[in-house]
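Labels A, B, C and D are assigned to the chains in the order they are written; within every chain, residues are numbered from 1.
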Amino acid sequence: MIVAKRKPLNEIAEMVAPYKRVSVIGCRSCVAICLAGGEKEVKMLVSALKVKNKKEGRDQEFEALVVERQCEKEWVKEVEDKVLGSDITLSMACSLGAQTIGDMYPSHVTFPGLNTGIFGVPEEQGVWSEKCVGCGNCIIHTTGGICPISRCAKSMLNGPCGGSANRKCEVNLDTDCAWSAIYDRLKIQNRLELIEKVTPAKDWSTSHAGGRRTYVREDAKLTPHQKKGKEAIQ
Amino acid sequence: MKAGSNLEKVFESGKFAVTAEIGPPQSANPEPLTHHAKMMKGSADAFNLTDNQTAVVRLSSIASAVIIMREGIEPVIQMTCRDRNRIALQSDLFGAAALGIKNVLCLTGDHQIFGNEKPAKNVFDFDSIVELQVFDQLRREGRQVGGEVVKDPPRTYLGCAENPFATPYEYRVSRLAKKVAAGADFCQTQAIFDMVMFEKFMDEVRSRGLDKKIHILAGVIPMKSAGAARYMKNKVPGMIVPNEIVDRMKNAKDPKEEGIKLCIEQIEHLKTVKGVHGVHIMAVAWEEIVPKIVEMAGLLPRPTFQ
Amino acid sequence: MKAASIQVILCKCCTELPAVLNIERLRKLAEESCNVVSVMMVDAICDGKGLPAVVNNAKEAEVDRAVILACHKKDIDPALFKAYRRAGINEFMIEIVNIREEALLPHASEPERAQLKAETMLAASLARARLLAPLEKQTEAMKTKNVVIIGAGASGQAAAHAAAKTGAHTILIEKTGKSLKAPGIVMPHSQVVGAKGYGGNYQLTIKAGDKIENLDAAAVVIATGGGWTQLKGPLAKAVKDAMPLYKLHEHLQAGSVPKGPVVFVDTPDPTGKTMKVQDYAWDDTLETALQLKRKARETQVFVIFQEMRAFGLSELAYKEAADLGIKFVRYDKSAVPKIDPKEPTNLIVKDFAQGDVLSIKIGTLVFSSIPANQDNQAIADALRIPMSVDGGVRRGSIQRWPVTTPRPGIFVCGSALFPKSNEVAKAEGEAAGSMAGEFVAKGEIEFGGSVAQVTQEKCSACLTCIRTCPYEAPFIGTASKAEIKEQLCQGCGMCVGICPSKAIELHHYTDDQIMAQARELLGGDF
Amino acid sequence: MAGRKPKVVGFCCERHGMDAAVLSARSGKEFDASVRLVQVPCTGRVDGMHILKALEDGADCVFVLGCLEKNCYYDTGSIEGRKRVEYVKQMLSEVGVEKERVEMFNSASTNAWMFPEIVSKMVALAKKLGPIGGEKQ
């Protein structure tokens, strides 16, 4: 899932300071699960900002809201009145949610309350680790199911580098060396031959390097006729 | 001859090679390079110029190479994948070859977290092995990685680095084999302090016949103090410094002298290891000691070729 | 929803309350408050005399909830809730306000502030009372009358006898094959390896010999006891022939006296972090030291300890010990006794009380302690009950429920809690056995009330509640959303406080109820 | 406003926390009347929002009082409570409000002297720091 974390409150407070009525919108999907932008975090943020305002004698109104999935227009639509009734919206969803609101209401200002970080796996309660960078061309069938692009600090294709000591990464000694892990995994799977051969240059054109990506599922797309019907109903 | 460099000639002649490291300055001033070149001239067969080593911004390795070549010594330039994508790497290889640089050491590169530009965005389009493979294909087939045919391909002698002391230990020789397969002609090792472990590594290298396919330069670092030994032991990932060595430096009356003595002993030992074709001396910030060590290790005079 | 109609009861606490507070002001405030339909004063709610009048008043005034200004809720007689129930008022609609211990007693020297505080507390509890909702508890029949006792030592056997007296079926699970007489069934060579369910209806998995058997249990008593150990830590290296207390005891029984001076230490590992001074150590150390001293007056006897705790009348032994000349030296954790580097036969101890550093020659070193049973962890894991840091089973509350665990229907006694003497272990075994028996005698379990509940539409199925709950009450149900197994829920509200989607509420302690009370309390100026 | 009295809210767990307060009162200990107690079943029930809301509603200081961590009635409840308090402290420091205004305490129910100490510590702090945003409400 997408893992984000709240921006420091002083940064958020500074962003929203010029505005009188602030709508704060959380999301019940990924960011709720990663404890960054669910209803609880939204309410606590609002409360903390009110305490700050109380200290500084500033007068601001906050409205705490939460939608099911902020990256989808239909869900955002449910709080449209509140969004447009405020001077500014602080999105407590990932950047996708913030941009969805921004794209839906271009003249309304929407700010991000979270820093969107990683495609992560909850390793344990409160710990999420990156395991994918969305390169668009998965190779983990050749690397024992471990992604070297995201889990190696240098995205090596033929690791591990010389800095791997005690099977830890030299960039962060608390992090396992991805390539040591790949070696160990392939060894127990009896597939070490996979890393005996040189893996050639990777084609990065499927990643963000190839420009902004849009994935389309033709058979799922609505035809212009269908879309028209929908609009008529609405 | 692949490139016809002096280093290549020494290896081909079967002589025990010596290379030394020169760190380019953290400025636009060429003077330190010229100074080191003059001082070390004749002490080694080629001089390795680091490429923004530990991600600290320094005078570029290609420019440094040109500067020391003016003093009549041969460079080995490092090219890391950290700062350049495949376009820049291939372009720089052309450029280096055009300037007369014949030895290139292919490295993945230290992560920027260790350097003085930590917020940098890194590239890592390649890793060192892919870099070797692409450069090897360029020089052999005159074909870029993207398929473009090059009319006048570079003639370059390709090197790599390998660390026998990084984990998983049992995989390190396989990784060296991958570098050989990718086209490496010579290999510089991480500094060696644990001779027992290195010999084990070399046993496997020989048993796989890799010593016949690649020229191994064993890395040595002369130490100035016990603090340096401790630092390398505790703070440098992938470096193994046995306790005896730390103790020896600690108990020495004159640590500098002891460091020199130790380095010479190590070189003497390495000469006897089968499959080691030379040494690479990394006298970081102590370059002036290199001529003395080379002399005392009985490696002078260096061979010359016409 | 029908508006709340509240009855306010002001308990005078005999004469205590009027002595400090102006009860008329409180009455007036109550009468003028919204939703209050009746205000009554009673002399003492605890004596039960005023109860019929209170309940009649509630009926007549047709209230649906009550706010009672009295004392600590735990000390209110359950009869009060029963009486209200008969009048049709749910127990969760009764708000007890501890005016006595929160305002009256601690602020008696500032009566005006105490008065304002009491008034504010009244307003706050009215605010909370308006938000209360009735909650019905449910029952489930127990499928069995089995009380399973784990361990057939002193405490386990005592528990079996006590439980059998209440009419429960007792089943003693014993790891070894020792033969013993106990009521009910004895299963030798058996161990509990797993458990499902909850108090009243547990399904235990028993490994009996090589077989795995299932066993229903309404209640479980953990009586796993303790075992002996060797001297540990630096002292073990320095003192080779130290003996455990029971060895010395055996020597004394056989008539031999150890080489003096005899030094008793309270633990086998003074430097260790997990071993604490035990009841066992004290009763038996004192007794043994006395026996020794009585036998050999000339032998010097030292008792070195961190904390002294003799059980009950054993305390009388201190006097005799002092008369006989046994020397007690208290040390602190920061300066544990160690061997004198200059004189390896001497022990250096810093006397915590006097500050002197003593060097005591060791003739014989005797250490006393029983570490917790190694099996406790496995049993605690199987039954999912918490352990103490010493490796013993954690009990519910040292004052109120010394032989219960936080999990209903699971009781604990003897050295399974921490090492103790035979007599104490037996007494605890009896207590645990009869509590388990009484628990089973009820025949049904009651659950629900102040438990957590998930609003499924808000749930993100993030699993945070499941990971946080110590009782495994939350689970993902068929709708792929969290649900709470009420029988397992203990009503702590940990899941509620952590739920990132605010999808869980704890009945009787909802966010609104908590925050309304706090807000109202802050409204008062005193 | 010379006469303004500090306002301190204490969220006390129903187990050791509240029992410790009650015991201290019964043992004849006096403590400052400024403290307002809110009972929760367990400090793990405390939501950071409750603490922040109390500050919003006029509390100068808030404390949470639970069982000793090694002897919590609900096993891990007071550990959870501590973590909630720590998170609120972090939030307060991010918004530039003294994080000392919020504190976690643990007490055994048998401890009669601890509760008055907690109260006097928090009341002294409330007096020192004054109300959030100065004396105007």
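Note that in this section contacts are C-beta pairs under 8 Å (C-beta built on N, C-alpha and C of every residue); 3 or more make two chains touch, one makes a residue touch a chain.
Quantities reported herein were computed from a predicted structural model and do not represent experimental measurements.
Chains that touch both chain B and chain D are the following: A. Comparing the CA-atom centres of all chains against that of chain A, the greatest distance is found for C.
Top contact pair of chains, counted by C-beta pairs, is C-D. Between chain C and chain D the centroid-to-centroid distance comes to 23 Å (mean Cα coordinates, whole Å). Distance between chain B and chain C, defined via averaged C-alpha coordinates, is recorded as 67 Å. Taking each chain's centre as the average of its CA atoms, chain A and chain C sit 45 Å apart. Taking each chain's centre as the mean of its C-alpha atoms, chain A lies 41 Å from chain B. Among the residues of chain B, none is in touch with two or more other chains.
Among the residues of chain C, those touching two or more other chains are numbered 468.
Across the assembly, chain A contributes 40, 43 as residues in contact with two or more other chains.
Arrangement of the chains shown, judged by which pairs touch: an irregular graph that fits none of the line, ring, star or complete shapes. Contact between chains, using the touch rule, shows up for A-B, A-C, A-D, C-D. Chain contact summary for the complex, chain A toward chain C: residues 28-29, 32-33, 35, 38-41, 43, 66, 125.
In the complex of the two chains, the chain D residues touching chain A come out as 47-49, 52-53, 55-56, 88, 91-92, 94-97, 132-134, 136. The residues of chain B lying in touch with chain A in their complex are 81-82, 86, 108-111, 113, 122, 124-130, 133-134, 145, 161-163, 165-168, 171, 174-175, 177-178, 181-182, 190, 237-239.
Residue ranges of chain A in contact with chain B, taken from their complex: 153-168, 170-171, 173, 177, 180, 183-184, 195-202, 204. On chain D, the positions that touch chain C within their shared complex are 5, 7, 9, 11, 15-16, 18-19, 21-22, 24-26, 28-31, 33-34, 36-38, 40-42, 44-47, 49-50, 53-54, 57-59, 70-71, 73-77, 80, 84, 109-110, 116.
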